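Please find the structures below.
Here chain A shows up in two complexes: once beside chain B, once beside chain C.
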Partner chain A sequence: MSATGLTRQRVSTGAIWLIAIAALAAGRLVTDHLPNPDTRATAPFVVTAGLGQSASMRSGDLAVTEVTAAPTLSTLNGTLQSPGLFVRVTYRFTPNNESGQLLSTTVSAANGWSWSSGIGERVPRRCATAPPGVPAECAFIVEAPADRLVGAHAVFAANPDNADYDSQADIDLGISPEDIATWRAATKAITLPEPTLGDAS
Partner chain B sequence: MARMWGWLTGWVAARPLRHLLYAAAALVLVISAPFGGLAKASGADQPTDGIPSVAVGAEVDATPLRISVTKAVVTAQPGGTLPEATGGSTYLLVGVEISTTDSETNFGAVDALRLRDVGQLTSSSLSDPTKVVPDEEAKAGVYVVKDGSRLGGLGPGLTFKAAYVFSRASAKDLPENITVVLYRHTYRAHRGTGQMGWFDPTPVAEVTVPLAHPTPQPSSTSTAGTS
Partner chain C sequence: MTWWRRNRWGVILVLPALALAVIASAYRLQLFWWDYAPHQATPGLLGQPVTFREHEDSDRYPYDLDLTMTVTQVARVERPEGTIRPWTWPTPSGAGWWRVDLHMVVDPTTPLAGCQLRLVDAGGAWTSYENTFPGAQNTLPSLPCAPQGTPGPWSASPADLAEAAKEPRPASYDVPVYFLTAADFQPREVWLWFSTPRYIAVSIPTG
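Then we have the complex of A and B:
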C-alpha cells in the first residue's frame, strides 16, 4: 500500500471513530433530556395535613399550629420591612426514634413558587433539637408576595438539601383572602419566639 | 454488519484527504458542542470586552436575576449594621433594584455583580478582610436599603431596592465613574456532586455610573446614600 493510501486509511478510521463518538455524544444529549426513571424511586414520600392536624413523618410527628403574617418583622437588629409579607409558621415537632429537628422549612404557592427559611437574618427559623418523644415548639419566617399566599402550603423535610428517600410533610396553611387583607394592614411587627421543649400546655 | 462497515470504510477512504480533515474538524466541533463548543470557559474573570453597555436604571436580564443599577455612592458611613470605615478606607455602594426569575428562593445575588477599573477593592474573606484583590474577585455584601438588613436570598415575586457594598482600602484616587459588570448564570448539575445549581458566571452587560460623594450623615437604620 502506498504512503498516501495508508494515511487515507488512518484518517478514514479516525473519522469513523469520531462518528461513533459523535453518536455517543448525541445519545448523552437525548438521555439528559429524558425523564430519569430513578426519580420516582427516590422521590420523597409526601404526607399531607391541614392546619392543626398531625402529619406522621419518618423522623417524627409534625403539626402546624399557627400561621400569621405582617409587612414588618422585629429582630435584634431592628424592624425589617418587606416588599411583600413576613409569614410566620409555628409548628410542633416530636421526634420518634432519635433526637432531631426539621432542617428544611419552606412555603410553596399554587403556581410552584417557593420561599425558603433558615438562611439569612430576614427569614430565620428557631427550633431546638428535641429528644425522642419530646415535642419542640418551633417557628420559621419566610418573605413572600401577598398576592401568592392564598392556598399556600408549608413543606417540611428533615434534610436541608433534599427529601429524596425520605418523608416530606405538605401542610395546607388554609390562608384566605381575608387573612391576606388583615395581614397587609397589620401595623405591629411580627416576632419569632424562642423555641420551647416539652408540652407547655 | 461487517459488510456495512466495509462499505463505510471504503466510502470514507475514497474521499479526498482535505475533505476528510474538514469533516474531522467539523465532527470535533459537533462533539464539543454539548460541552460549550468554541465558547470560552466561563468564570468571573472572563473577559468583559465587547459586552453591551446599558444605561443607568435599565433592567438587565442577569438570569436568574433581574437587576437595574441606579446609582453609585462612596461613603465611610454606610449605616445599617455596617461599621464606619476607618484607617483611610471607605465603602463603595452600588444601588440596584433586584428581583429573581427563579421559581424558588435564589441565593446568587452576591455573584451577579462585580466592579471594574476601580482598584484597591478588598477581599470579603473573613480571614483577611483587608487584603486588596483584583476588582473581579472583590465580592460585595448585599443589603436592603429600607432597613439595612443583609439580603440573603431573593424569593420569587419580590423586588428589593438594595445596595451592593464593596470595601476599598483607600478613599483616595477614586474614579469619577465606576463600571459595574453584571453576570448571568446557567442552571445545571454540578459536575462533581450532580446537585443542580446556578453555575458558569457570564458577563452580560456593563453600566457606567457616576460615583456620588454624599455629605456624611448621622448614623441611621437604612443603608446610607442609596435610599
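Then we have the complex of A and C:
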C-alpha cells in the first residue's frame, strides 16, 4: 500500500468516528429536548384562572375570592409573628359529582418555591366536605417571605399527595408590590374563619 | 425436507407458549384500584328486604356479616329529628335534607362500625353521609346504620364484644339516616357498604 493510500484510509477512519460521535451527540440533543413520555402521561391537567374567576376542575368548580396577608396570625393556640407574611387565600369550591373537598392547597412563587397548608403543615386550612352542587367557602394560610409573593399563584388539587392524572387549578393571585407594602404595614392579625356551606347570602 | 416439516413442532408449540404467556401475566389485567370503591352491587328495591352476607377480615378479629336490610322510606324533610339535642343548625341556602329510613335485621354481636352510606342520583352523582357540618353545634350519629345509644360492638375483639353485651343492640330495629344534599338533588339509589367492592344498591322508583 502506498503512502497516500494509507493517509486516505486514516482520513476515512477519522471521518467515520466523527460521524458516529456527531450522530450520538445529535441523538442525545433530541432525546434531551423531547418531552419525557412518562412525565407527560402522569402530568396533571392544569386549569388556569385569575382572582375571582371560576376554574372548572374534574371534581368541581373553584374560585379564589380573596387574598390578604399580614405579619401576624391569630389562632386558637395563640398569636404567631412572621418575619415574612401570613397569606390567607379564601376560596369557594363546589363539587360537581361527588361529596368532597380539595385536599391540596399551595401557594407557588414565580421562582418555583412553594408553601403548603393543611394537615401535617405548620399553617392551617379550614374547609368542609360539601355535597355535589353545594358550594363550600374555605380558606387556607401559608407563611412566605414577602419578597417572593409578587406574581405568586395558588395551586389546588383534590388529592393531598399529588395531582398526577388529575386536574390541578392554578390561580394567579394578582399580588402587586403595593399589596405587599400594605400587608407588611398591617397591624391587624390574620385569622382563619370557619368554613361555610351554601351560596353566599 | 421442507421448512414446515422441519419446524412443525416448533410452530405447534408456539400456540401453547403464547397462551401460557397471556395466562401468566393475567393478574396484570386486573385494575388494582377497582376494589377500593364500591363496584359490586347487591341490588334491592325500596320497601323490599335485601340480604347481604360478607366475610369481614380487615382487622385481626375477622367476623361474618349477615344482615337483612329494608329501605322503608326515602323522603325530603325540613331538618333532622330525634338527635340528642334538637337540631338548630340552619340549612345552607341551596341545600336540603333527605331522610332515609332503614329497617335492619342483624345479629346483635355483629360489628356495624364500618357502615357507609351514599345517595346516588340518576346521573351517578353521589352525596355521602356526613355527620358533622361547619358551624353546627349539632352532630348526626357517627355510625349511621345502628341505633343511637346501642350501636353494638365496634369490632369483633373480645373486649368490644364484652362491652357491647352490657347494652346489646336489638336484633331488629329501625333507624333514620339524614343526608344533606343540594336542594334539587333527586336520589335514585341508596348505597350501603362495609368493605369495598361489595355494596347494597337499593333502587328508589321515580315519582
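Keep in mind that, in the parts below, the second predicted complex is superposed on the first by the 161 of 201 C-alpha atoms of A that agree within 3 Å, B and C clash if a C-alpha of one lies under 4 Å from a C-alpha of the other, contacts with A are read in each partner's own complex, and residues count from 1 in each chain.
The rule is short, and it goes like this: a residue touches a chain if its C-beta (ideal position, glycine included) is under 8 Å from a C-beta of that chain, and two chains touch if they have at least 3 such contacts.
This is a predicted model, so every value here is computed, not measured.
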In the overlay, answer first, second, both or neither for which of chain B and chain C A:81 touches. first
In the superposed arrangement, which partner chain does A:161 touch: chain B (first), chain C (second), both, or neither? first
Chain A residues in contact: does chain B have more, or chain C? B
If you stack the two complexes on chain A, which partner ends up touching A:196: first (chain B), second (chain C), both, or neither? second
Of the partners chain B and chain C, which touch A:105 in the superposed model: first, second, both, neither? neither
Quick check for you: in the superposed arrangement, does A:59 touch first (chain B), second (chain C), both or neither? neither
Which bits of chain A are touching chain B when the two form their complex? 4, 7-9, 11-16, 18-19, 21-22, 25, 28-29, 75, 77-84, 106, 112-116, 119-123, 142-145, 147-148, 161
Tell me, which parts of chain A touch chain C in their complex? 96-99, 126, 128-129, 131-136, 194-199, 201
Which residues, counting only chain C, touch chain A once they are in their complex? 91-95, 124-128, 130, 133-135, 179-182, 184-185
Interface residues, chain B side, partner chain A - complex: 8-9, 12-13, 15, 17, 20-21, 23-24, 27-28, 30-31, 33-34, 81, 103-105, 107, 144, 146-153, 155-160, 195, 221
